[in-house]
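Two complexes come next, and they have one chain in common, chain A, joined by chain B in the first and chain C in the second.
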Partner chain A sequence: MSMTRRVMALLVLAFTARAVASAQSAEPATRDLDPLGRLTDASRYQIELILDSARVAGLPTAPLESKALEGISKRVDSRRIVVAVRMVFRSLRDARSVLGEHASPDELNAAASALRVGLTRAELAHLAQTRREKAITVPLVVLSDLITRGVPRDTASQTILQLWQRGAADDDFLGLWRGVERDIVSGTDPGVALLNRAREVPSRVPSTPEAGSRPEGTETRNP
Partner chain B sequence: MKVPKPHATAIAVTLALLAPEQRSMAQSASELETTVEAGALMTARDGVLPITGLAVAPGFRFASPRLTASGSAAAWMPGDRWQLGNAFTTVEAFTPTVHGFRAEVSANASRLVRDLTVQNDQLDAEGRLHYMRQRGGLWLGSGIARPLRVAAVSNVNVSSGGIWTKLGAATVRGTVTSFLFTKVANRTDSTLASSSSATLCPSHVSAAPQPDPVSTSPDVVGGSCRHTTRLTDVEGSVHWEHRLLEVTVRGGQRFGDRLDVTSESRQWASAQAAVWISSQLAAVAGGGREPAQPTRGLPARSYGSLGLMLAYWPIPRGTVPVETPATMVQAFSLRTAGPNVQRITARIGGVETVEVMGDFSDWQPLPLIRRGRDLWELLVPVGPGVHQINLRIDGSQWIAPPGMPTLRDGFNGEVGILVISAERLKN
Partner chain C sequence: MTDDLNSLDPYVQWIVAEARRPVYMDASGEARQRLLEALRAEPQPKRERFAWLLEPRVALRPLVATAMAAGLVGIGLIGGLLIHRDGRQVDEPSAHVASSQLPGSIAPRAVKFVLIAPKAARVSVVGDFNGWDSSATPMTTQGGGADGTWTVFVPMQPGLHTYSFVIDGTHFVTDPSAPQTPDDGYGHRSSVVLVGGSSS
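And now, the complex of A and B:
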């Protein structure tokens, strides 16, 4: 190959590389304009249908769009993203049918997550019927995590329900979760760890003076 | 013959320490790290001419789940020619952790150089059994060491045990190490093993060797002494890291017969501190006293050090994604830094990039900024509510940050669930 041809080849290669680099740098801008643009046309159409269905049903669309964007960022295949978004949609619909119209988006999302890990609608309804004045978001978040970590579903749901009925606060549930996580990492059976730690959570339900309990808010806190 | 003062002093002042670091993923779940340290060195000791020179120390470390190998060798140029300075090479093998227990065997070859006249090489092999909990653990070990070019005729039997725990941002350690070995010394050689203060062949032994009731009894054989030595070192240390400051304080006590433990080696203490001035520049200072190492024939010494550390962390290109164990993350926390703003702080050692993403960033990766050796920070716009968050280290898989509930993400992974209450934002 002559020197001239070599120089030409190098120039072509350089321009090609620059063109590829320009295309790559333009990609984020395109994506900013159309976040779902990296899906295949068929997958994107299906997700648009799911989003329309959610709007018609009065469900929040943010969790659905968020799941799609999460899948795109994690470079998941478009068809699997559609499956995941559809699963979120169904669980949101089920959660709303149990919690009602007045559930906040966070509650709805947490309930949907709990349903996806195996909580039954009856168990969710049982939780929702108790202490209607407080959001059940954090108990549901902790419940979903515990089931994911291997605590038997019945044990987890019953224990969380009992604590919820006893007036446990959000910090109590998060403290319970930290303790159970530590125990599981140390080798304790997940179900046993939950039952042991649940005994340490104080009851916060106001009781009569005859019961001998202290006023609400003065109990010893879980470390 | 003049007996050198047992109290020997060495001062090493590092004027500059340059540590460019190259790290590459050798294969999945394994990594290879190479370093080069360079600086100026000055040592001084009573009775010996001070040495000033350059020092260059290349090193490597290979780590896989069951095996690590590391090594480093320093080349010193005190005058017009290079010589081998401190050097080591180590191979360690581990078993899997079962119910918190893990076994470990290691082999080590090392060379210590205090100056042109005090040098030593040694081979070591040791086995250890660890029991680890989340915030602490303990271990027991036993092994042998073979010093070269010192007056030890037997291998050194080493028994050790230790315990450690994490208290907040501090790690507290305590160790007990016992040494048993035999030395041979010529009765006229009073310079041998200066750590023993030239007492291997005391005059009363040469006159009429009597059975000694204590365990450390010198025996005279011909013109030399055989001396069995038992030493026990008890040492404690505290390592504390807070934002850009790293402090390590050590102290110890040596127990043993007065023939074996000179007053200079009964107690020792030292401290070292590093302050990261920027992400790639740290000031390092330290000093204290080291006990004698009688198995290696090295005397006690006082030392001081002062230096700057320059670090270069290259951005990986085309890094092979590997599975990242969440255990690499030593700490991960979020604190309110303003209205609807959270400060993410992570302490992750030995990595080159750390990123987070979540619903608060529309799942766009946000790189954390390195603030110190292992400290990473980022301000993110997060309002009250329940959020999902992922963490990625060195371009590997997205994982849920430790210390928060998790959920399956529907893509064979997990996300962390971040609960931010309105009260927390007010605080």
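And now, the complex of A and C:
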């Protein structure tokens, strides 16, 4: 190697070292581009482990990442974020074990929320057994909200299950939710509000020949 | 072959013999010496100072070079998609978002968020669709904010989404017109929106 080449190689090395040093000094800017970089190293490591476990189990990782980012946005302590992410992971795993491999990510997410709010695995399984090719996402979202607003868990789960078995559609559940929410704001007891509003939801189960001469799919009002 | 030569005319035989006779050029090596001296005396072409940097050191087969180039292009494309997926482009026109998605994906839908907050100086919406970044999706008021109605349209992928409003950068509030999630583990609740109906 000639003298010129040696000098050039040294210059290249010097520039490379300077670039590395600059990159290290610019670490805060890099962290801004990587939201999880705001966690402590230990917390981030634990969350990465949870994400890996979810991938191995075939669970959606989006709810877990969202939960971590939500905590960062709310400036929550890193350790609490890890606890919250782990709680979501466990509920997703429980939901998957009940709903099975074919449940959509939305269903899993909604079922995980319902389990976290107190729905039992047996109640969730009962709901899932009567799916009839329909997604149970909206009923579970409404159920979780109702329990959150103070409707007793048993009342909420039984009412939602009955409506579900009667073929209630997504719009029915959302309409039910709006009515109950208005009644609660007006001062009605949450459980009573749900029972009252549930009576207004039409049954959409196809009529059997023995039940009468109604054409299939005709709506019937509950008493 | 030899028999054939013997049968030829003697003059022809002589020509053939002369043609076959090895020719020794400058057996003493003087010509070689002169050639080398002439080459040494020839001035060498001036070399560019940094030409050695540009000289190819590794020879690649065309197929390998093509594969490497395709790989670099692929890395660039994947990087672009990841940057887009993090939600920082969410406030761009929805047409731009739709045109940049992969073939076969489900088109995003514009969802209108509304919050009435008369005393707020600034409001934004955060959620799983923008990485819970409070600066990503600011909401705006009409008419100078006299009625305190803050709105924003957000292109969102179909599915279940969790979100919250942020007032003045620090105060998280739920959407009163949407179902809520249970306590998020941080002492707050969030709201839920299902875009595009249920998926089974």
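Annotations
One rule holds in what follows: the second predicted complex is superposed on the first by the 174 of 223 C-alpha atoms of A that agree within 3 Å, B and C clash if a C-alpha of one lies under 4 Å from a C-alpha of the other, contacts with A are read in each partner's own complex, and residues count from 1 in each chain.
Criterion: a residue touches a chain if its C-beta (ideal position, glycine included) is under 8 Å from a C-beta of that chain, and two chains touch if they have at least 3 such contacts.
All values reported here derive from a predicted model rather than from experimental measurement.
On the superposed chain A, the positions of chain B and chain C overlap enough to count as a clash. Of the two partner chains placed by the overlay, only chain C lies in contact with A:K134; chain B stays clear of it.
By the touch criterion defined above, A:R80 lies against chain B and chain C together after alignment on the C-alpha atoms of chain A. In the superposed pair of complexes, A:T148 makes contact with chain B and with chain C alike.
After overlaying the two complexes on the shared chain, residue contacts for A:D106 are found with chain B and with chain C alike. In the overlay built on the shared chain, the residue A:R182 is in contact with chain B alone; chain C does not reach it.
Chain A residues 35, 62, 66-67, 69-74, 76, 80, 83-84, 87-88, 106, 109-110, 113, 116-117, 137-138, 141-142, 144-145, 148, 170, 177 lie at the interface with chain B in one structure and with chain C in the other.
Chain B makes touch with chain A in their complex at residues 99-100, 133-134, 357, 359, 362-365, 385-386, 388, 398, 403, 405-411, 413-415, 417, 419, 421. Those residues of chain C that touch chain A in the complex are listed here as 49-50, 52-53, 126-128, 131-134, 159-160, 162, 166, 172, 179-186, 188-190, 192, 194, 197-200. In the complex of the two chains, the chain A residues touching chain B come out as 35, 62, 66-67, 69-74, 76, 80, 83-84, 87-88, 106, 109-110, 113, 116-117, 137-138, 141-142, 144-145, 148, 170, 174, 177-178, 182, 185-187.
By the touch rule above, chain A contacts chain C in their complex via residues 4-5, 8, 35, 62-63, 66-67, 69-74, 76, 80-81, 83-84, 87-88, 104-107, 109-110, 113, 116-117, 131, 133-135, 137-138, 141-142, 144-145, 147-149, 170, 177.
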